[in-house]
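Sending over a structure as structure tokens; questions will come in a sec.
By letter and in written order, the chains are A, B, C and D; residue numbering begins at 1 in each of them.
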Amino acid sequence: MTDFIVSKYNYWIYVLLIMIGFYGMMAKNNLMKKLIGMNIFQWSIILFYISIGSKKGGSVPVVDPSLHPAIRALDYVNPLPHVLMLTAIVVGVATTGIALTLLILIYRKYGTLEEDEILEALKK
Amino acid sequence: MMLHFPALLVVVPLIMSFLIFACGLFERRICFPLTLVTLAACLLFAGGSFWTVLSTGQPVHYHLGAWAPPWGIEYVVDNLNGLVLVALAIVALLAAIYAKTMVEREIPVAKHAPFYALYVLQATGLFGMTVTGDMFNLYVLLEIASFSAYALIGMGEGAAPFAAFRYMIFGTLGACAYLLGVGYLYIITGSLNMADLQQILTPLYQSQVLSVGFAFLLVGTGVKMAYFPVHTWLPDSYTLAPSSVSVLLAPLFTKVGAYVLIRILFTVFDPSFSTTLLPATQVLGWIAVAGILFSSIMALAQSDLKRMLCYLIVTEIGYIGIGVASGNRLGLIGSIFHILNDMFMMAGLFMAAGVIQAHFRTRKTHELTGLHRKMPVTSAVLVIAGLSVIGVPPACGFFSKWYLLLGTIQAGQWFFMGALLLGSLLNAILFFRIFERSYFEARPDDAPHLGKEPGTTFERAAMSELVPMVLTAAFIILLGLFSGYIVEYSIAYAVPKGM
Amino acid sequence: MNKIAALIVTLIVGGVLFYSTAFFPKWGDPKQPASIHVSPRYIEMTLAETKVPNAVTSVLADYRGYDTMFETSVIFTAGIAVMMLIRRSR
Amino acid sequence: MVKDLEDVVIRTVSRILIPFIQIYGLYVFVHGHGSPGGGFQGGCIVAASFILLAVAFNLRESKRRLKERTNAIFCALGVFIYAGTGYLSFLYSGNFLDYGQLSNLFPTDPIKARYYGMAMIELGVQITVMAVMVSIFLDLITAGKHEKTLEEDGK
């Protein structure tokens, strides 16, 4: 049983992070806290992808030019998830940038970031 | 030169958006002509690549960076996305022509450069999502289309930033669900290319990881498609968006989401997987039934014309869901054809709503009395598009609903058929209420004929607004008349063999 | 009220994720599908095909360079979106 | 009194540090091929130097160094370089972004041309990331009130 847990502890942690982020996005009333929950959610998916790419005994995917013909894929970590996650990180940054801008606009218009207060203001 | 068209279709608007932004900083007036030129070029590229598919009968494969598929990224244009691409290009061009006077009216002058750049980036995202053959590339294009949508909606009046923020929360949730689904497929196959995935996945259909990944892909696409339970972001954001933006987003974004759903259900996964192994299409169908009833009734309850049309979009997506859920050849033909028709129908309706709001200063349906005397062309377009949504023969809506009905009958799903008919009935009530007001109720003379500010003259709708509307109405009729050819020569080949 | 609904939904999603994680290949296993299907070519051929020792850069800029172009466009979109939304204009 | 002292310390230190941050950013960018680095990381580090400039000194100082308009142009320029190298391969009827065709342009064999193609790509990414990070930062901290110059010329 312990081997079952230890052999996949990266994946257990990523699931916990997703639950925290997901709860933060759904339940929080303050819009800024929703945004923080969204960031946790995005970064847990990045952790998931990166832990797919790891190999036991694999080193940094910078290939050693000296042993050019005899490069074995086993010695190096899988580079593809790292490339995909560079894109996901950039998307996360862009999301946070636009979300903060919208929050400033909302605060400029309603003077609050609490969702229920904004909904009251909308009803009037 | 023709063989580069699939890549040019996405890359030309991308590079033009940078040019539009850079030149717009110096000379604001150059933005609109550049946007028109770009979208016209996109129409040429989309038509050209679809023509090569039709003439050769083979899907067009385009290797980006000259790398073979599982390693590099590949573009695939076949009968399914060729049609969607051409319809996207036409509606995007018409929406751009329509947006000229709307942008002058709604968007401050200093913001024209970024606005038009985001407008073209939105089109780039939609084209890229439709034409790509790589799952992760589709995610990146999805994000480009979504970011430009959030920003464009945030430009609206009143509570638009708040609506845009809620749309962003939902949209990011959907995009992350899609990314998680791609991750689950990647962890058990190791590949990202759609064609490659289909080969590797067939022996793996029993694995639990695959079914959870499939569920995440469906949830992610469902959010982008505004499928029933996760559609709540749509009414607020498209109603409060500037009318030039809602004319571009409303008809196109959800339909590309529907196309992605069909691509996942029938190209990445074997049709038998989603119909027999997992009751996915059954679940989709029953949710669609609930969605159609709920959103039709909600549309009836709306007094705001634009918000009513937003609920109509959710109903149309429900019809597409039922076509997919019936899981047979006729149903799928119906849903693909409905994606095409709905782009033009919704474009016509939202254009009419935008002109009414701009010139009649009101969106309340009960204030639209005597519309046809003041704005004959707009009310004519509203009638044609409305009849098409209801499903009256000359217009295209009838033919796609006809195939959807045949699909449900063949599949023996009587509740699905019931939902289709009831939905059409509720749409009929919806539209005849408006037609009756605009045509048969005379406008009392004492009522300020301009709504809020009495005394201002009633300037006629500009030509740049009327021409695209008339063209859209013409396309609705043409699609209806030539529906036989469209289905026979193109959509029939889009349906996978297994169905 | 919606806090309880959100908690229930989170627990359901968490349960589904825990269930599917149980069937994942072992973490860091060199034989897992992700490490044997597509990526060996990136590592072994990166010097032969692109003369770039850093496999991540060669995949980023060459094999999947098209993704990175759109990634840079995402950054550009965010930049002009912020510039458009937040500027006050008369 | 204390406030002035504090300013003096921060300003002199940052005045010394900023050039070295920029050089380090370029170092990370240039060594993208051989070691972990590249356009994104280098761009962020150079952007950090401009942000330090804006934080340590006042906004007018940083706007004097990097004007609003040139920053917006840099945003578009970087991505334009990236897409432009993609278009170059169309000249030699190669697929989009196929650097092998660049060997007709550069006097090298197709494989080395890929090396140079990637360097041009990373340059485009570096410029855009640097410009966008600075522009988002300046927009967010001033909440949109500093854009006088862009306003008038926009007419």
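A few points about this structure:
Just so we're on the same page, a residue touches a chain if its C-beta (ideal position, glycine included) is under 8 Å from a C-beta of that chain, and two chains touch if they have at least 3 such contacts.
Here the structure is a predicted model, which means the values were calculated and not measured.
With centres computed as the average of Cα coordinates, no chain lies farther from subunit C than B. Averaged Cα coordinates give subunit A a centre that lies 29 Å from the centre of subunit B. Here the CA centre of subunit A is 25 Å from the CA centre of subunit D. With each centre defined as the average position of its C-alpha atoms, the distance from subunit A to subunit C rounds to 9 Å. Contact of a single residue of subunit C with at least two other chains is seen at positions 17, 24, 32, 34-35, 38-39, 42, 48, 53-54, 56, 60, 62, 64-69, 71, 73-83, 85-87, 89-90. Contact with two or more other chains is made by residues 52, 62, 81, 84, 86-87, 90-91, 94-95, 97-98, 101-102, 104-105 of subunit A.
In subunit D, the residues that reach two or more other chains under the touch definition are 34-36, 72, 75-76, 79, 83, 86, 96-97, 99, 136, 139-140, 143-144, 147, 150-151. Taken together, the touching pairs cover every possible pairing of the chains.
The touching residues of subunit B, counted against subunit C in their complex, run 14, 18, 21, 64-65, 67, 70-73, 108-111, 114-115, 117-118, 121, 124, 128, 136-137, 140-141, 143-144, 147-148, 150-151, 154-155, 161, 184, 186-192, 200, 207-209, 212-213, 215.
Subunit C makes touch with subunit B in their complex at residues 16-17, 19-20, 23-25, 32-39, 41-42, 62-67, 69-71, 73-74, 76-78, 80-81, 83-85, 87, 89-90. Looking at the complex, you find that subunit B touches subunit D at residues 4, 7-8, 11, 14-15, 18-19, 21-22, 25-26, 28, 62-66, 109-113.
The touching residues of subunit D, when paired with subunit A in their complex, are 34-36, 40, 136, 139-140, 143-144. Considering their complex, residues 60, 62, 86, 90, 97, 100-101, 104, 108 of subunit A touch subunit D.
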